[in-house]
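Structures incoming, each one as structure tokens.
Consider the two complexes below, in which subunit A is the common component and subunit B and subunit C are the respective partners.
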Partner chain A sequence: MAMTYEDTQKSAVPRWQRGVTFARNNAAILLIYLFIFLLIGTGSFFSDRFLTASNLINIMRQSIVLGLLAIGQTAVLLTGGMDISQEMVARLVGLIVATLFAATGSNPMMILPLLLLGTTIGVALGLVNGLLITRTHAVPFIITFGVSFLLRGINLAISTTPIRGIPDAYLTIYDSKIGIVPVNVIVMALVWLIAWFFTTRSRLGRNIYAVGGSERIAKLSAIRVNRTLVWAYVLSSVFAALAGLFLLARTGVGDPNAAQGMTFQAIVAAAVGGISLYGGRGSIFGTLGGVLLLTLLSNFFNLMQINIFYQQLLLGAIVLVAVSAYKSKDLGAL
Partner chain B sequence: MTESTSTTHSTDTILSLKDIQKTFGGIHALSGVSFDLREGEVHALVGENGAGKSTLIKTITGAYVPDGGSITVGGGEYEMLTPNQARQLGIGVVYQEFNLLPDMPVAENIFLTTPPMGRWGLIDTKKRAQQAYKLLERLGAHKHINPYALVKDLTVGEQQIVEIAKALAMDAHILIMDEPSAVLPSRDMDRLYKVVRALRDEGHGIIYISHRLNEIFELADRVTVLKDGQTVATKLVAKTDEDDLVRMMVGRELTDMYPPVSTIEPGEVLLDVRDLCIENTVFDINFQVRAGEVVGLAGLGGSGRTTIARALVGLADIISGEIAYFGQPARMTAASAARAGVVLIPEDRKAFGLILDQSNRFNITLPNLPQLERWKMILKRDEWDPVIRAIDDLGVRPPNPELDSGSLSGGNQQKVVLAKWIMARPKVIIFDEPTRGIDVGAKSEIYTRMREISQQGVGIIMASSDLPEVLGMSDRILVLHEGRMAGELSREEASEEAIMKLAAVAHENGASA
Partner chain C sequence: MTSTAITKKRFNLFSGFRPSPRFVRGVDLAGQWAAPIMILVVMVIAAIVAPAFFNPINLKTVAIQVAVLGVVTIGQTLVLLNRSIDMSVSAVLALGAVIVVQTEGGSSIVSSLVLAIAIAALIGLANGLLVAKRHVPPFVATFGMLVFVGGARLAYTKGQASGTVPDFLRTISIKPIGFIPAALLVWLIVNAIVIFTLRYTRLGRWVYAVGGNPGAARYAGINVDWVLISAHIACSVLAILGGLLLSGYIGYVDLRMGADYNMNSIAAAVVGGTTFTGGRGNMFGTAAGVILLIMLLNLVVVLGLPIHWQYAMQGAVLVLATALQGFRQFLLSR
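Moving on, here comes the complex of A and B:
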């Protein structure tokens, strides 16, 4: 008798065994959320301003830039690559859009076209990264590092001082709320859901995992490896561009220092969340955990008014502990 | 410097194994092997794949701990050796795959573990080069190989000599050579023979593993035949001949593990290989595969079986020749082969078959996502149904779709690979060593499945070193010898002896089909 989906859900594998498999397959994620709970517990113990609705919403809003970058970065990390150019892409998009706003006299009619333009720049730069990597077969780290320097040069050429002239209407991207919840937080929650669906239930998402797991097996399974890789870098860049556009709404100026150090934070968030830097393994929920953890930490540090030096020190320690816990590659072997 | 220690007072037997036993999970790899090596002799070790040669070698070098028996070497008797002990007792190995650092000079490679030291604990590089030169001189290769040359710039034959020199640098007195000729182009063969003879004349004992019977007659003094983990006989080479050796190597009962033979006539030509040449390994191969037949590809290690199997799905650098799928010349890339419906079920599942740290579900559906897609999405139900059915159908244990494929046994992993490709409905399946390292139960299930698929009109090529399997499954058998087609046998003509003769003996003895 052939079994169906319902049958297996009922009987083929005992419930407890499915539970064990689930726990093993998702040990990294369970671990990071445990961490988050502990942190929230500790936070509310030390400060009564920590566990308040407004602070938690604030944390979610703070996590948006890092979240966008980390989702894109996750796509690339899952292929076994790395995208160092993210923050420069974000910055470039911010600067170009700000310049064009200024040049068109802060006209609100320009918002939609410029949002589109910013995203398109993201696509284009992702194509550059992806094509360079698939054509030269060089290490992605080096290629995107090179591209990132190139973009840094362009950014400096555009402006070394903040660019003013963003129309007020644009700032609603950051400001508008439904009740006390910012619209962007709701949108971001949807983005995470879509990202989860994309990684687990779309062909491109699956192919990204497969390419990261083994390029050769992916090829033998009729997967277009180069096309998959290019897509991953395009995703990474598009998300970086979105982060740039969001930052522009947050700061209200085209900032030549925007997104400083955010690429590495995004990589760290994904790695702490259990995305394997060798590729092919990890879940977007892990990345979300990593993003929340980093954001919570910095929020907590600020509330506690901990010296920035110790913040860095603690952050470094957490990264090392988390990543060495996953070092055994499959925590599933526990 | 130490002079050769060739004249000691002991007898001239320098290594003696008595009744060596070794089991792996209940399977006897060695069940009572005895073997001895004398000073100044080349002792050939022959036997089919799986006869126990490598296990025996690994016991001597200390890589395996034997379950019983004794090893007498260097005046002491041991139950087991550690790798370090083996090295100190003067046992050196030249493996088929060299352990050389390609970007380092020859001299540095030779003295990698035992560099001559100079003042202040620094390596005396000048002395090292001189000693390397002397070693190469002993091997008659000092004119070809410069101690300062980088290993990667040497030919394979030269690298092999460096590997031998490396063993000598560690004062190896007993030299084990694991199929040294398998990696060499034939023009380098004479030089290898010269080196081996020179070492023998210096008084070294050499264990020479080879599949090529003619070179045993060229080189060896004595020969020991292993079969199914036992010593069949040790003979003086002068007192035996090829037929005699082949007879000792083969001869086993066919079990009822194999499904009944095909009941359908072969159909259209699915795969047509013409004048296929692959650099240094495969030459002028021609054959066809028709719908509904199982074509066996037999041959010894290094005969090009696996290379051909891989070439058929675009995993080899084809120099010349043509492969046609269904009458159309094929674009030979791995992805296009799979899209055309020509798939490989590989020997090395980790490298070519399954992504081990993904779930069975992920692996099985990987090439089948396009057909599962609905509205650009892979819905859980659309995916689970066929996966569950495939796992159930092939009897994968445990039948858990979410388990990492890497956590399954070899046999079950092979079933997952099979499930993956059966779902893709391929037209041609190429099996490479379909049952190596797989337990008996899973074996027979895989055979049954293989026959079932072929009865449905799929063309199957089965490259295998396991002769009973080749005989039990194939409708016809292509035999390879050193990268060339040595002959074709129909099911009726085929026997272990007939295959071995074509595979192991030089061409003039082999019949053409």
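Moving on, here comes the complex of A and C:
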């Protein structure tokens, strides 16, 4: 008897078993959204200011910097690498743009050229990282770690004190609203959508997954491995540069301590959301979940007025539990 | 005719790059001898541009710094030889100093020393278990531990600087023995013990076997996981020892103490010829790498340059060394 189209759609596996398989394959993502709902529940139980519209919108706005960094970091993590230089790239871009604003006397006409310049610096630093890693076959996180120290020295050479002189027009990036929803939250939602589209539908996105899964097989499948890797690092640095530009609008000064510790948080957000640290597995929705979870946590800590010293201890404990909870072979998603 | 055309177009991984054996050997030798050669070069340059470097007081400072970093880097090298990495040394180092200084009042120094070493061994054990048993990427596991231990220290000290350093630590660190400070002697003794262990004991040979090829080592009946775990324990304990020497040298314990030791210990080990792919490297190379790095950092001070050039220097050394070692490993393993 010939198979019809309907027959091929009916699997021999019972429905409940397919449900189990789905849950197992997406365990990390399901878990993280479960945790988010639990945290929202606990938060609204302990503080009546937690579950208000203004606080939730505030949380979304707080998550933008970490979100930008985590999207870039996801691209690199999916190739099996890691980009430690993100926070220094963000800081460098912020400092350079702030210096140039101050040098041109806070001229609002300079905003567009300087935004372009900041992004270009991101591209250039990404190329440096990517080319160093692909040409010398060195371990990615050590190369980017070294680059981050280099940039740290350069940052301190530029300024050790906050740089003033950002034009007021630039601050609208952070302030402008439609109704009660800030424009940047809407833009960020679009960026997440584009990132999802990029990772699932675009050729470069699929190539990144292929390279992360197995560099050798990707090469044998005629994927340009080195070019894909360089693209991943460029993406990471560009998103870091965007985060730096956004931070500049948020703080209003070129801060030589901007984005302190954010790289690690971005890696943690992606890892907790099920992006495999060995590359090739995970979904951008997991990263989104990780970013929301970390932002909710810090918001929760602040509302509960937990001492900053204990916050770091708790963050470290959460990270250690999270990374040791998944074993790479056990869960399909990680 | 056709057959030659086919062989010319034969598909080949890394096609287009065929280094001569002489080139490969040259890069290998350069990787092994980079540190000693650069020490001589830097000494000549120092003699020309900064004769103050050879001032006996400055040389004593250099010797103590070499000893502190040297002890920490021995541990880092042991971990790197096993294809792992330890990013938590700086936190462990500072934690040890805090424990000894704060619990010293009243009770004897021995009990607080035992307490510090026991805690270090526990941290090393946790690192090793995460990496070996849970297959967490070493960088992420130990970086999580860095955040956790740093947070624990902050929660314990509430961010305040601690009291006076016990006399015993001053003795093992800066008391002169003949021409050399005691710390240098401690470093030499630790070096001798570790070199003997690596060369002439079963555990030492296992370290190289596991680093060279974990799969083969497992088939040869070596308990791969426990070799890795014991390397992590040794690394944490040596980090504590480094912390004691450092606090004895600077005479107090504060929040920022030892923050650069992650970076410096990895950079020194890699400059000294240890590769990230494990099984290659030895303690003589590491010693040379430590001396080179400390000389460079000290030259920044002696030349009167702004201190942030130290960061740039560390970054540049790490990037160059990693690039060289990565390229060497790539050539040797193809």
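FYI, the second predicted complex is superposed on the first by the 306 of 334 C-alpha atoms of A that agree within 3 Å, B and C clash if a C-alpha of one lies under 4 Å from a C-alpha of the other, contacts with A are read in each partner's own complex, and residues count from 1 in each chain.
In the analysis below, a contact is a pair of C-beta atoms (placed from the backbone, for glycine too) under 8 Å apart; a residue touches a chain by one contact, two chains touch by 3 or more.
These numbers were taken from a predicted model, which means no experiment stands behind them.
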For this session: May I ask you to decide whether A:152 touches subunit B, subunit C, both, or neither, giving the answer as first, second, both or neither?
Result: second
Exercise. After lining up the shared chain so the two structures overlap, which partner does A:219 touch, if you call subunit B first and subunit C second: first, second, both or neither?
Worked result: both
For this session: Could you look at A:280 and tell me whether it touches subunit B, subunit C, both or neither (first, second, both, neither)?
Result: first
For this session: Return first, second, both or neither, reflecting whether A:294 touches subunit B, subunit C, both chains, or no partner chain.
Result: neither
For this session: Examine A:65 and indicate which partner it touches, taking first as subunit B and second as subunit C; both and neither are also allowed.
Result: neither
For this session: With the two complexes superposed on chain A, say which partner A:267 touches: subunit B (first), subunit C (second), both, or neither.
Result: second
For this session: Applying the touch criterion given at the start, work out whether A:136 contacts subunit B, subunit C, both or neither, answering first, second, both or neither.
Result: second
Exercise. So which bits of subunit A does subunit B touch that subunit C touches too?
Worked result: 216, 219, 329
For this session: Provide the residue numbers of subunit A that touch subunit C in the complex, in ascending order.
Result: 82, 132, 136-139, 141-143, 145-154, 156-157, 160, 216, 219, 264, 267-268, 271, 277-278, 307, 309-317, 319-320, 323-324, 327-329
Exercise. Which part of subunit A faces subunit B closely enough to touch in the complex?
Worked result: 2-5, 7-8, 12-13, 17-18, 21-22, 25, 197, 201-203, 206-207, 209-210, 213-214, 216-225, 280-281, 329-330, 332
Problem set entry | Interfacial residue positions of subunit C with respect to subunit A in the complex | 13, 126, 130, 134-137, 139-141, 143-152, 154-155, 158-159, 263, 266-267, 270, 276, 306, 308-319, 322-327, 329-330
Seminar exercise, completed: The answer for subunit B against subunit A in the complex is residues 313, 315, 333-335, 337-339, 343-344, 351-355, 357-359, 362, 365-367, 369-370, 373, 376-381, 384-385, 388-389, 392-393, 398-404, 420
